[in-house]
Structure formats: structure tokens, C-alpha cells
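Per-chain numbering from 1; labels A, B, C, D, E, F, G and H assigned in written order.
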Amino acid sequence: MFKRDPEDCPLSQEVTPPPPAVTEAERDELRRQGILLTSLQELYTWGNSHSVWPLNFGLACCAIEMIAASMAKFDIARFGSEVFRPSPRQADLLIVSGTVTKKMAPQVIRLWNQMPEPKYCIAMGACAISGGPFKQGYNVLKGIDRFIPVDIYIPGCPPRPEALLHGLVQLQKKIQGFKLTGPDAPRHLRDDQPCNCPVPEFGEHDLEPPANPEVWTAPPAIVRKD
Amino acid sequence: MTAALILIAVFTLATAAVALSLRNLIHSALLLIASWFGIAAFYLWAGAEFVAFAQVLVYVGAVSMVVLFAVLLTRRSRADTVIARDSVERAISAVITGIAVFGVLVAAILKTSFARLSPAGVPPLQSGTGVSPVISAPTATVRDIGMQLMSAHAAALLIIGILLTVALLGAVVLAAQDAPESKQESP
Amino acid sequence: MESPEQIRDRLLARFPGAEISVVTNPGIAAQHSLLLGAAHARAIAEFLRDDPTLKLDQCSNVTGIDWPEKEIVETKNISTPDPANPAAPPKVVEQKTKRLQLGFLEVVYHLYSITHRHGPVIFRLRTGNRTDQATVPSLTPVWRSCEFQEREAFDLFGITFDGHPDLRRILMWDEFKDHPMRRDYAEPDDYEWEPTPHGTVLEKTKAHYPPPPALVAAPTVLPAAPAAPVKGATP
Amino acid sequence: MLGTGLLQGLGVTAKNFVGSFHDPARLTTIEYPEVKTKLPEAYRNFPFLVTENATDPMGTLRCVACQICEKECPPQCIYIEKSKDKKPDATGKPQLFPAVFAIDTSVCMSCQICVEVCPFEAIKMDQVYEIATTDRFSALLLNREQLAKSNAYYHEIHPTEAAEVDARLAAERKAAEEKAAAAAAAKAAAAVAKASPVAKPPLTA
Amino acid sequence: MSASDHAALSSQLSTPHVGGANVREVHDSFHGDLLEVSMGPHHPSTHGVFRMIVTLDGETIVKLKPVFGYLHRNHEKLGETVTYLGSMPYTDRLDYLSSMTNNWAYALAVEKLAGQAVPERAEYVRVILAELTRLLNHTCLAGFLMQDCGCSGTPLMYAFREREYILDLFESLSGSRMMCNYQRFGGCRVDPSADWLTGAQKLADRYGTFLDEFETLLTGNEIIIARTQGVGKLSPELAISAGVTGPMLRATGVNYDLRKVDAYGVYPRFDFRVPLGDHGDVYDRYMIRVLEMRESIKILQQALAGLPAGPIMDPKAKLRSFRPKAGEAYGRIEGPKGEIGFYLLSDGSPNPYRYRIRPPSFINLTVLEDMCLGHTVADAVIILGSVDIVLGEVDR
Amino acid sequence: MTLPGPLTFLLQLPLSSAAGAADAFLERLPLVARDWVTSWLPEPWRWLVNSLLSIAIILSVFGLLFAYVTLAERKILGRIQNRPGPNRTPIPFTKLRFFGLAQPFADGVKSLTKEDVVPRGADHLLHFLAPVVLLAFSILTFAVIPYGRHLVPVELNAGVLYFFAAGAATELAVFMAGWASRNKYSLLAAMRALAQLISYELPLLLAWVPVVLVAGTLSTTEIVAAQAGWQFNVIPHWYVFTPWGAAGFAIFMIAALAESNRSPFDLPEAESELVAGHLTEYSGFKYALFFMAEYFGMIALSGMAITLFLGGWHAPSPYLEFIPSYVWFMGKLSALLLGFIWIRATFPRLRMDQLTRFAWKFLVPLALINLGNAAFWSLSFHWSGPFQILRWLISVLVVVGPFVLLGRKLSAGVAPRVYRYAV
Amino acid sequence: MSLDPLPLCLLFSSALVCLGLIGALARSNTILVLLGIELMLNAANLNFIAFWRYGPVTSPATGVMFVMFSIAVAAAEAAVGLALIIAVYRHQKNIRLQEANRLKG
Amino acid sequence: MDAHPYAFLALFAAVAVAFPLALLAVAQLWFRFFQPPKPSADKGAVYECGIAATGDSWIQFKAHYYLYAILFLIFDVEVLFLLPFAVTFTTLPVGALVAMLVFILLLAEGLVWAWHRGHLEWK
């Protein structure tokens, strides 16, 4: 995992997780695999991080800023990511750009499931992260991370196109930190991690289930006085 | 060189045989196209360059289209592409007939002595040297074909022209029976 | 353009026996409206659309309103002349009447005329109640623009439109059972992670956060954890 | 003739292609991580809390925890807990302060309504937008300490507005002082044994 | 498709078909099975999360059912729970390409409800911003429409290039590129500075040049002409009956522009014309928008020239604890997409009792199926594009 | 004349009179280098290794060209759209950005390691075969193009025919892909691909028949040879500089656009209509293969257009002959590819009926008439003096007249409109 | 003997003709029958080429000419045949050969 | 070693087929060693804009442009005959030219006929 630059995220807390301790056995393993693996890993992460093709998928207002990010003034193409693929089969990145309603959520999740590995997800905008300004609405999903794993969160309503670019750079950094083997390897390189997110059903009052417990668990409660 | 011929023959026959026995019509059609390629390869092997490419152009490029369209248009709706199984008796009798015919043909071929037919100067097979990629058999350059076509066979050409035109008219009339209406519609 | 009263009078002349009344708008906008009975609504709508002086050919806006059952307390000053002393100024008695106003659903139509460039003429239809008589005639056959908007009212308010060609849910999914724009709609409860709750949200959030032991001691308004085990320990 | 329109179109694209090499209006890209757009003064992203003094941010928050913004924030993403005690503010007057002040940036819609309704010029809009993070739960909920930024910073990002605010505050303070002085004088004069009333600042900004 | 089917179809297309139910089952087995294809909610050309279930006979559409609600964000319900002011930023997110006009429509409705006056300068600024929004919206629409026609992004890029210039203006005035939240009941939030006005003036001066270039790229293009003319025809009768408004209505030849009809704001003071189409097809819809942009530039010039001095906000206007008297009001303006209206019902509390939006693009979609029947998938895409929908407004 | 043949054959080739020794060396440099490499091999192996080497060179050159055409496309598209395009991808293991020249390789690595998904219901065999077949046939078309004076992989008597025969099979692959995916958009795309390819194959074929008619040969090298020389040392004898040649070239290029599924004829993968068309269900490297095949097809068709109309590897002026012929070929190729990209950046897409109408009602008749035109040109080769002008006049008329008439008929009923205003 | 190309070619073509025959006889789907017939035509073409190549020298390109004409005829046959199939299918919704004889009536 | 004149072509064809297969094999190697397959029901489902796909796409397709295929087939053959003619054009006697002209006109007539009957319209 990459370390987050404090300058990069001036608003956020110090949340850099300590790098997992490397055991002696692992170090041996690394030495054994040696230079070939390292360069393969470098090549792999290089290729994957500089060729992130987003899915051509917009949900709401944030999508317009996403489009704007691919337009002349911001030009996401400079990062090699202007190849907005219309089919999930060729896309690497799902930019959830806008409000995910409960009616739309199964579709988004299905699209995510239909993307081949490796795939990444950026939750762009308040709505995608938490439901945002519309979170009190009966038909609004309170964050796409209730159903699919999100790599990068970009707050804002809408985030500026530059903020999206910043998020993309963060994602590239994250990909560059991927390990090919071992316990730190990302989800898609390990066979003990399932990659399917069950698609919820339309229920009589809500989605069923309303969240995917494998992906999302609410953090420790914050209980406050009124 | 014979090896190449055998290879081509096996490929052609195998694809054709499988194509004719499959129940999935699309697969059949595509395999048959492969077998047409084999035949083109044979022409090439025999030195008939122009015909080989003509074979590919016409069969692979055009006949295949017509066949595919026909297949796609005549599948019973919603059912799969797989067609119904044919009757076994018919198949058996057909195979018997086929084998009988094949036997007769093979016997005839084996009986005939081809030695006297062979033109002088055809090497039985060329192997090894690799120096001279020259073929001494009759060659048919496009120019030769053109000369032939426009002189000796000019009448045949015209007949073919008529045939093609008639085929065009016939096929279109057959296939587009609601044509008069469509003419009204077209602005 | 004619005022709602004029239109009412003309309509009454044209459709004798129709229930038509004018609903006044107490607000500053003073956009008064007509209340139509369901029986003649369709015919009246057609009349409004085709009448040469009105020619309300565009139905711009269709919307539902939910009026749940509510208790209305009316305060009336009743001046009872003192029977003993009729000459004396009548005694003013403040009398409070409680009245249960029955709930109903209402559909409001805003009409404009593109031909004559005037409008809006507003009229409303009301259902009998909010449950089993939630039906009004559909005006989609009169104005095509009602098609989706009536479907929307059906979806969100549960108003059934009689004669609508394709009355299905439009915004919510088909399996959905509730009518979320009704004022008594209880939304699904998914307040697991609410870092900034207050007001009504806090109430909903609490259901998801049984008070953790560490915070029990903290002065919160949450109900304190039951002290049962302590009691049990000292018999 | 058929094709002239197409040729004209090709002309336009060719012009743009050539123009992109010499005409800045035809190569409008701002190469983001290296070059950054100059944000207009008015730009707003998320709110922050103004502190008078950068060295003691928590001690000099302008916010008095009046909770107006909490109530007015449309998506309800502000959470405030009033302090129990009072601390002197910049003018030395004892004021309540927020014991907890949290804004959930994963909800905030950057609408600026909190800023507009705050009677104490205590909350203003920040301009930081590079806040993408991998961690939703702890990184996006900003607490009092993270929200507090100095008045100098405010001047840096919104110079015009900040100057106006400062002038207004100064005027108000002056008025308050005068009033207090007048009140004290009055008290002295009338010798009324009562604590001087706390000057209430006007509610609407 | 047989001739009689076609006749039925064309009659259906030309008559003001009010029934609504237009399910046509054509099944002739030679023509193959009907193929039911879902276009959307994730489809590159549905401009968001709209969905059309099209039934195809070959590539010809015999049935088209729009499916809404994938972006139903419960806007109206939320409007009933927040204050009048609190709804203002939400209106930004309705038609997120034209937040300024949404703001204005909402402010207008509230001003009607509360009897709030607006100073003249604010009216002028509103006109300026509304026309800028119209430019922005129409430019983007043209870009998206061309994208639907299959351009590889170039017109869209040019459109967005210009959009950025307008957004810069919006941002430096209101602080946000898209979600301006700028209008207030009784005026505007901030007073545009002199610098800002020069910027706007510059933009108005050079926008015509951009439009010229844009039109050279597109309007005479034979492919676009062939693709769009005669496609998705809409008759004026059906358009009126279906409540179609805005450029789409004017493309059918109906002269109805709320800026002229309602004469709200200070529009009567400006000299501008209303372009009208004669065919009601996609090309007309595109061209009407282009011509409207040219008129908008004229209005902009006049408004910038005539901008009076004075307060931007009515001094009596209230920001907090705003409680209009009980009553109701319907206010509407000519948004870029058509008539955008707000219907507000107040019970005297700080929140509206009923908060209803009349979304132009939602109602314009009523005629989508009528326009698409008998055309191909490719046409359906550009017909949808020419309607100019923004899902935030369609589904609310 | 086959390139794999021994060096002695090359020496027998008639060298251009202008070619000096040094430039002849440059011309033959690739061959000499190759033969030098293999000279240590025993004779029987030499042919095989030589051939494999030639094929490897062709594949790597065009593979590289493919990679950079995609990059160039993205960059030029970017420039046209007022932005720089991909420029940040560093060279691996370094931090050097170098204008993003490593971008295509990053995409390649990504595609190679991307999971390959085949839908459950799909026809797995055909789904697998389609990209392989498509790429194989697009590679095969490279066999007959003369890349330089001595550089033609295999010289066939009916070389041009070979090229188009091999190209004819690509449409089948597109159909296979679309049909095997069992996806509705793919199916529609497959049917579109079939209709489009059968419609444009014919104008494509008819467009170059005039060349054959004038050159009197079907061999690519001979066609190039027939275009040698210059008029007054200025205008090259390329066919594109004759009225029929220009018309033929235009028809050929339009049909080539359609055959290689390029905008404005990119209907099978029309993004705004059919999602990704026949490619909708392809992921990972199979998708990359499709992509590669499409660009290979485009490059091959451009190469053929150069051979047929643009004088092959000939220099445009006798004074520029010192530049090796393959450089000229590559230069012309780049120019044509640039044209492809430029067109893609500008034009919207046609609709299916317009597409077929354009082919059958415009291009085919025009191509047939052009055939007659070429016949006239060929028969009137001895006209001189004022007759030469007459010859040009007639020929131009025969091109322009039908063009205007057919064009008018094609665009009947649609034209820019005038609008009215209400005040 | 076995290495002689001509008999090999002839064997090849006779095998192909028999395959076509079997296909044409055994299958009841008209399209397949037609394809079987196409194969038989192709087999004949093989013979033309084989004899042209290895047979007694006649005029230089006669065999090739024959093949070309044969290809043309086969193409015409395919076009008409398949059009016929489609026409039959349109009337009967079926292209099984056995049922196609209803056309007579 | 066989040096048939078309051996190079055969080799070329072999490489042409082997090339994509080799690339796919490399990809396969990667998956074998590093990236385990992650199949799932949704992933294997057909893409249909995010909706669970309904109905089969292998249907009987309405393809009126079948007619184009026929036309194309016939004209393809025509081109085939045109080529030898074109190659020898300059050396041909007048009679041959006339023969060819008749041939072309016959077929062109077919085209004109189809055009006139409206078969060249996409339906």
C-alpha cells in the first residue's frame, strides 16, 4: 500500500496504516524469488497503472465533471485514461460518478461484477460515497461501498475535474504498490479472495439485502447526544 | 510436396466431413468455409494461382455470406441453431451409397495408368534442393487466362454473363417477394 | 383571461349538476383554482381544452398532494346575545370545535393555452380517501402530457387514475409496495453509519447503535443500560 | 456539391490541429499535477472554521456553537456539541465553544449555506480539493482540529471577502466596546448592581 | 414490415395520438423474431441512467418503452423536509447543466409565493446568467448530440472548451462550477464585480465566432444532414398535447417562448427573436438551438449594456427563518430545456408543504416513443439526444 | 521473385537508372543485413531462417507501427481536440516520460494481464477463434505489398487478387465474433458487419480494376513498376494523378475506410448505438487482438492503396530518389494513416441504410463508370498535342459528371434549411 | 505409384465428391443439401485442375478456364438455391427437404 | 526442405496463425502463474447494459439485406471475370472488347433493375 502524503490530503487525518511487518520467512521468500519477480512486478504495476481504462459510465451531475475531466481543459488522456470503454469487459476502472439510487444499484453492481480483473473502483462525489446531499432519500443508496469495494473516495459535490485527476493519480500510486505474490497481493492476484459481489434484489420496501456484509461493515458506533 | 498435398486433402476432407455431420448450422457453414480454403490451397499447390484466389474471393468472401444469411434467416424462431436430428436410416443408406460410389471411383483410378498421360518434363516431385522455386508444369498466368477468356471462350463468357444476370434476377425475385411494396415505401 | 369564477359559471351552465367550486388561494400569488368532481372531470377537461375562448391546449403540470387525516381545532368566537339582557352587547364566547378532517389525495392540474397564450387555469381533483377510494379519472386521453405525470402520482402517492392506458410504477421499481410521497411514509431504515446525526436522523440512528458499554457512563441522553445483573448479584 | 460540407469540417479540424501547436486558445489543457488552475477567489469546496490565532487554534475559534449552521445545513452534515463551560474569545468575552464540531465531507454538498447563516463569521469555505483518499470512514469525517484554520489562511484564499469580514467584525467589536463602555458608564452613573449585559451581535450577516 | 403496417405507423406518427398506449406487435416470421434490447441504464448514449426497452424487427423499432427512476433522488420529498432556502442548492442538482435557470425558476416561484420583490439589477444579472446558461446548455447539447451521431468526441470537446469559459464565469461569481446556488429569494447572492462583467462581455463578444466555427464543422456536414433530417418528426398538435416545451416545441413551428409569453423578469426590455422550425425533426431541434444561442448572445449584449446600478438583494428579503404565508404558487420560466416550473404549497411553516418540480425534459420524453417508432436504433439514439434530457431532472 | 530467395536473384533485378551504388546499397540494406545474419547457416536451413526472419521483420515493423499508430491516433485526436493526449507514461523502470511513447506498451501489458471473460452462453470455440482468424488474415495481407524496391515478401502473379481474397475472410471473423458472443448488441453488430462488408467489398474491388486495366498486370511489383517515371521530371506517373486514378483512389479509400470499420463507417462497433458492437463481450488480450487486427487491416489497405495509386515506393520527384524506397513507402503510409485519423476526428457516423445506399447507389456505379473511363484513357494513350487536352477533358468530365449527378440523387430531399423567426 | 500426384489428386477429389454425396443424401436440411452439392462441384473442379496440371498438355489454360466457369455457375447456383430455400421457408416456415415437396401441390 | 513457390506463403500463413495464438498463450501463462481465475455467475452472464439479460440473442434475424449478399455474390463473380480481361485489355481485339462490354452491361442491367425495384434500399 502506498503511503499517503500529508500534503496530498491536507484535510484528512493521519491515517497511513503502518506497513505490515515482514516476517523472516517472507523475506527469505522474497530473496528467493529475486530480481526476476521484482522486475516482473514493476512491469506489471507499470502497465496497469498507466493504462487505466474507465468504464464509460455516468450516473448524475458528477458524471458531467467526469466528462469534463476527459475534455480539453483537463485531459485525462495525459494519464492514458481517456479510453472510456463502453463495455465493462474492456474497462478497468468503474468511476461511480453520481448518486446511486436503489433502483440503479443492482445494475451498478452487476456491471462491476462483469468487469474482468484487475478492476478498480473510484467513488466520485458525495453521493457515491455516502448518498451525499440526497442520503436522506428513500431511494438513495448510502454509498456504493455498501455493495462493492471502493479503492478511492473523492469527496466533493461535484469534485472538480482536477480532484478526479488527483484521485486517479492516487489510484495509480496504489496500483504501483501492488505486490505480485504474498499476503499483500491485491485481491485479484490471490485465489482465496472471492471477487463476486452479490447483486441485491428489489424488495418491497428496500433492496434485499440493504448492504453486503462482506464488503461493508459500519465502523464502531458514534453515539452522540442530541 | 506430396506431403503437402496429403495435408491439404486431409484438412479439406476432414472439415467437409465434420461440416456435413454437425447439427449446428453455423458451425457447419464455417467449417465448410474452412474446407473451401483447403480446396483453394490445393489449387495453389497445383500452381493455379488465379483460380485459388478466385476460389477464396468467391467462396469465402461471397458464397459464405449468402449461406450465413440463409442460415440465419431460416432458423426456426427462438430455437437454437441446432437443427433436428436426421433419420438414421437415411444416413446409413447415404453413407452406403457414398462408400459404394467411392469404391467404384477408387477402383477406376487405381486401374488407370497415368504414366502415359503425364506430360513430359513434369518432375514427379521436387524435393530437397530449394534452389529453384521454378515450376515446370503448365502455368496459367492471369494474362494467359485473359487471352484464353477473351478469345476461345468469349462465347462462354457471354453465356456466363447471361447466366449470372438471370441468376441475379431470379434469386432477387425469389428472395424478395414483397419487393413491390418496398418500392412504394422507398422515398 | 376569465377568472376561475367566470369559468366555473360557464362550466356550470354547460354541465348542469357538475360539482365545481372555486378553491381560493390565501397566499400572495392568489392563483385560485377550481375543484372538480370526478364524475364530470373528463368532460370538463375536454371542454376546457376545446372551448374556443379558453383553448387550454397544454396541460403543463400535474401533481399529487397528500392530505392525511388530521384533527382540526377550530376556534370560533360565538357571540351569544344575552337572553336576559338583549340590549347588552352580546357575550363573546370562545368555542373550540374539534373536527376530524378526513384524509384524501388531491391532484392538481395546471393548464395553459398555447394558442391564446394565457394561463394558468388550475383545477384539482380529490379522491374519496387515502386507501380504498384513491381513484380519480385519468386525463391522459385529453392531454397526452398527463401520461407520465399521472403515472408518477400513482407511483409516489398511490392515486389510481381511472382510464390511464398504462398505469405502472414509473420511478420506483415494480416490486415496491409503498407510496413514498405520502406524508406517513416510513422510509427504509439504513442509518448504520451516521457520523453527524441530529434531529430526526438521530432518532433513526439510535436504533442501529445499541449503546456500547464504554459510552454508557458518558452523559448521553440515551437510556442507561439496565442494571439488572447488579441487582441479581446482591440478593 | 456532395462533400463540400465534409471538406469544410475537415478544414475546421485541421485548423485546430495546427492551432494546437501555436495558439494557446487551441490547446487549453492545464497539465494538472504540475500546473494548477488558478482558483477564483469565490471558489468553495468544504467549510472550515476560522480561528483568530494560528498558534492556539482551539482556543480562538470564532465559533460559539450556536448550532445555527447545524440546523440550516440542508444535508445535515454538521454535528456540534456545545461546551459545558465558556472560554474567552478574541475580544476576551467569555463564550461557549464547540466541544465537538464535525463535518462529514462525504455528505457536504458545498452549498455554502452554513457560511451564509453563521452570524459570527466563524465558518468559511475552503478551497482544497485534492482530498481523494483510500479510507472512507476516518478520512472524510473532519473534526474540530482538522477544520480549524487561521484567519490568515482565510485572507489568503478569499482576500476580498476576508477583508470585508474583518472590517465588519472590527466595526461590530468597536460598537460593542462602545456599547459596553456606555453601559459601564451608565452603570457607573446609575450604580445599578447588575452584570453588564452581553452585547448580542446581530443575527443576520 | 408490410405496407399496411407502414401506413398505420405513419398515420400514428402524424396524428396527435393521445391514447398513450402505442404498443404495436408486428410479428411476421419471415422478418425474423422481434429482438427486445435494453438500451440503458448503462449505455453510452442515454446521457446517464435512462433506459429504453426497444423491441426491434431487424433494426427497426416497433416498440419503445422508456424506463425512468434510475436517478430518482427523492428531490421532492427532500424539498418538504428542508427549508425554502435549503432547497436552493438542491435545485442546482436538478438539471445539472443549467443550475442558474433552475435557481431562478425556484426563486421566482418562492417570490411569487411570498410576494417578494426583486431589485432591477438582480433581474438583469439573472437574465445574463440565464442566457449564459442557455449558451452552455445548448452548446453541450449540440456536442452530445454529435457524439450520439458518432463523432469521435471532437464537437463535444469544442463544446466543453467553450463550456469551461462559461463555467469560469460562474465559478468566479458563485464559487462553484456547476452547483452555483446563486439566486436568492429577492435577488442574487453576490454582486458581480466589474471584472466579472468585462469577462462576460468578452465572452458574449467572441461566442459568435465560436458558433461560426462550430457550425462550419457541423451544420453543413452532409452526413449530419442526412442523419438528422426527417428523423424523429414531431407534429405540432402532438407536441402541444404532450406538453412538449422549449426548443423542441419551437422546432415543430409553435411560437411559444415563455420569455415572450410570460414576459417574466426584464425580458420584455430586450430585443430578440424566436427561431421556429417547420419539420420538427432532429435537425430542426439542433438548428433551433443553434439559432437560439445567437439570439442569446444578443440578449447578453443588451443586458450587459443596460445593467443598472443598485442593490443586488432586496433589503427586505430574509435569509433565515423565512416563512411564507400559507398558500400556493406556481412559477415557471423558460429554461434551456423548456418550461421549468415549481409548484409550492406553503402551510406557513419554514418548510414547504408540497414542493413540486415541473421537469421539462421528463415531460418532453412523453413523445419519445412516438418519434422513434419506425426508425432504427441509430435514429433512436439521436432522437433521444435531440430531446435534451438530463436525468437529474427527469427522475428528480 | 521471392524475397526469401537467394541474394543472386536480387542482383538480376533491373536497377533504376538513377540509383547510384550507395543508394542501391541503402535500398538493399534490409536484405543484405538479413542475408549476412543467416550466412553462417547451412544452405538447407537458410531458406527457412531467411523466410522466418523476413516474416519476423514484417511483424515487428508493423507491430510497432500498430502500437504507434494507436498512440498517434490518440495524440492527433487530442491535438485536434485542443489537448495534448497521452504524454505521461514513463519508460518502465525509469522515470523518463518521453512524450508518453511508452503508452501503447503499457496498454499492451495491461491487456495481456487482464482477465479473459467468456460469457457462459457463448459459443466458446468461435469466440476464441474469431480474433485469431481476424488477425491471421490481416497479417496475411501483408505478404504481397512491395515495401521497397526490393522488398516484397512474396511476389505473386495475381498478387492484388491475393490481397483482396485474404481480406475477404476478415468479414467472416467479425461475424463470428458478433454471433458467438450471444449478446444482443453483438448480434446486431454482426449483422451490420456482414451487410457493410458485402456492400463495400464490391466498390473496393471495382476501384482498382482500372489500375489493372491500365497497368496490364495483377502483380503488385509490376503495378508499382508501371508507375515509375515523371512527367517533365515534376509530376510522377502515379495513377492518382490521372482523372480515373484520382476517382479510383477516392473510391478505394472510402471503401477501405468502410472495410476497416473506421469512422464514419464504424457501424459494427458504433459506441453510441451498440455499446461496443461485436467487441462487447471481448476482454483481455482477445480484445487487443481485435484492435490490432483492425489497425493491421487499415495499414494493409493503405499499403495497397499506395501500391495501386500512389506509385508504391517511388519517390515523388527524381531529385529525392536518394532516399531509400522503403522510407518513401513508410512516408506515404503515414500520410494515409494520418488521413484516416483526421477523418475519424471530424466525421459523424452514417446510418446503416445510408451506408448501403452510398455503396450501392453511388460508389458501385461510379466505379463502373470509372472502369470505362480507364478503358478510354488506356485506348487513347497515343493521343497527343491538343488531343491530350481533350483526353484529359473527357476523362475529367466522365468522373465529375456522374459524381455530381449521383451525388445529387443521393442527397435528394435533404439540404441545409432556412429558418423563420417570430418576433 | 502412391507418390504420383495425379492419382492422389483424383483420390482426393473422389473422396470429396462422395462426402458431398453423402451429405446431400443424408441430411434433410436443405441448406446442408445445397452445401453438399457445392462440395461435389468443387470436387469436379479439383479434377479439372489436376488434369490440367498433370494431364496431357492441351491449350495452356483450359482447365483453369473450366474451373472459372464452374465457380461462376456454382455461385449462381448458390444464389438461386439459397434464395429458393428462403422463398420456401417463407411459405412453410420449414426447410426440411421431406416437407418441401408440398411445393408441388 | 520444400521450396515450392508458395512455400513462403504457407510459412507466412502458419506464422500468421501462430502469432495471435502465441500472444494468447503468453497471456495464459500469466494467468497460470499469477492471476487465478475469478469466475462468477454475474461475470459469465451476457452484458446487457447492466440489466440481467432477458431472452436469447440467437434469434431468427430479420435480414432483408440478404439481397445485398446475392447481389454481391453475382458481382463478385463479375469482377473475377473482369480481371483477366483487364490484364489483357491493351492487347485485345475489338471483338473481345465488345464481348466484355456486353458482359458488363448485362450485369449492370441487373444492378439497374435492382435499383429500380428498390432492392438497394436498406430495410
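Simple rule for what comes next: a contact is a pair of C-beta atoms (placed from the backbone, for glycine too) under 8 Å apart; a residue touches a chain by one contact, two chains touch by 3 or more.
Treat the numbers as computed from the prediction; the structure is a model and nothing was measured.
> Expressed in steps between touching chains, what is the minimal separation of chain E and chain H?
1
> Going only through chains that touch each other, how many steps at minimum separate chain C from chain F?
The distance in steps between these two chains is 2.
> Taking each chain's centre as the mean of its Cα atoms, which chain lies farthest from chain G?
D
> Looking at A-D and A-E, which pair shares more C-beta contacts?
A-D
> Could you grab the centroid distance between chain C and chain D? Build each centroid from C-alpha atoms only and quote it in angstrom.
Their C-alpha centroids are separated by 39 Å.
> Please tell me the distance, in whole Å, between the geometric centres of chain D and chain E computed from their C-alpha atoms.
33
> From the C-alpha centre of chain B to that of chain F, how far is it in Å?
Roughly 29 Å separates the two chain centres.
> Using mean CA coordinates as chain centres, what's the chain B-chain E distance in Å?
60
> What positions in chain C touch 2 or more of the other chains?
171-173, 180, 193, 195, 197-198, 201
> Please list all residues of chain E that touch 2 or more other chains.
Those would be 29-30, 32-33, 35, 37, 41-44, 69, 72, 74, 77, 89-90, 93, 154, 157-158, 161, 164, 179, 217, 219-225, 395.
> In chain F, which residues are in touch with two or more of the other chains?
2, 44, 47, 80-84, 112-113, 115-117, 156, 158, 161, 179, 184-185, 187, 191, 194, 198, 201, 216-218, 271, 275, 280-281, 284, 345-347, 352-353, 411, 413
> Contact residues on chain F for chain D in the complex?
Contact set of chain F toward chain D: 76, 79-84, 342-343, 345-347, 403-404, 407-408, 410-411.
> Could you list, by residue number, the parts of chain H that touch chain F in their complex?
Counting only chain H, the residues touching chain F are 1, 3, 5-6, 8-9, 11-13, 15-17, 19-21, 23-24, 26-27, 30-31, 34-35, 37-38, 43-49, 53, 55-59, 61, 63, 65, 68-69, 71-72, 75-76, 79, 82-83, 86-91, 104, 108, 111, 115, 120-123.
> Quick one: which bits of chain C touch chain A in the complex? Just the residue numbers, please.
Going through chain C, the ones touching chain A are 171-178, 180, 185, 187-188, 190, 192-195, 197-198, 201-202, 206, 208-209, 211-212, 215, 219-222.
> Using the touch definition up top, name the residues of chain A that touch chain C in the complex.
It is residues 102-103, 130, 136-139, 142-143, 202-206, 210-211, 218-226 of chain A that touch chain C.
> Please give the residue numbers of chain A that touch chain H in the complex, ascending.
Chain A residues touching chain H: 44, 87-89, 107-108, 110-111, 113-114, 116-118, 180-181, 188-191, 194-196, 199.
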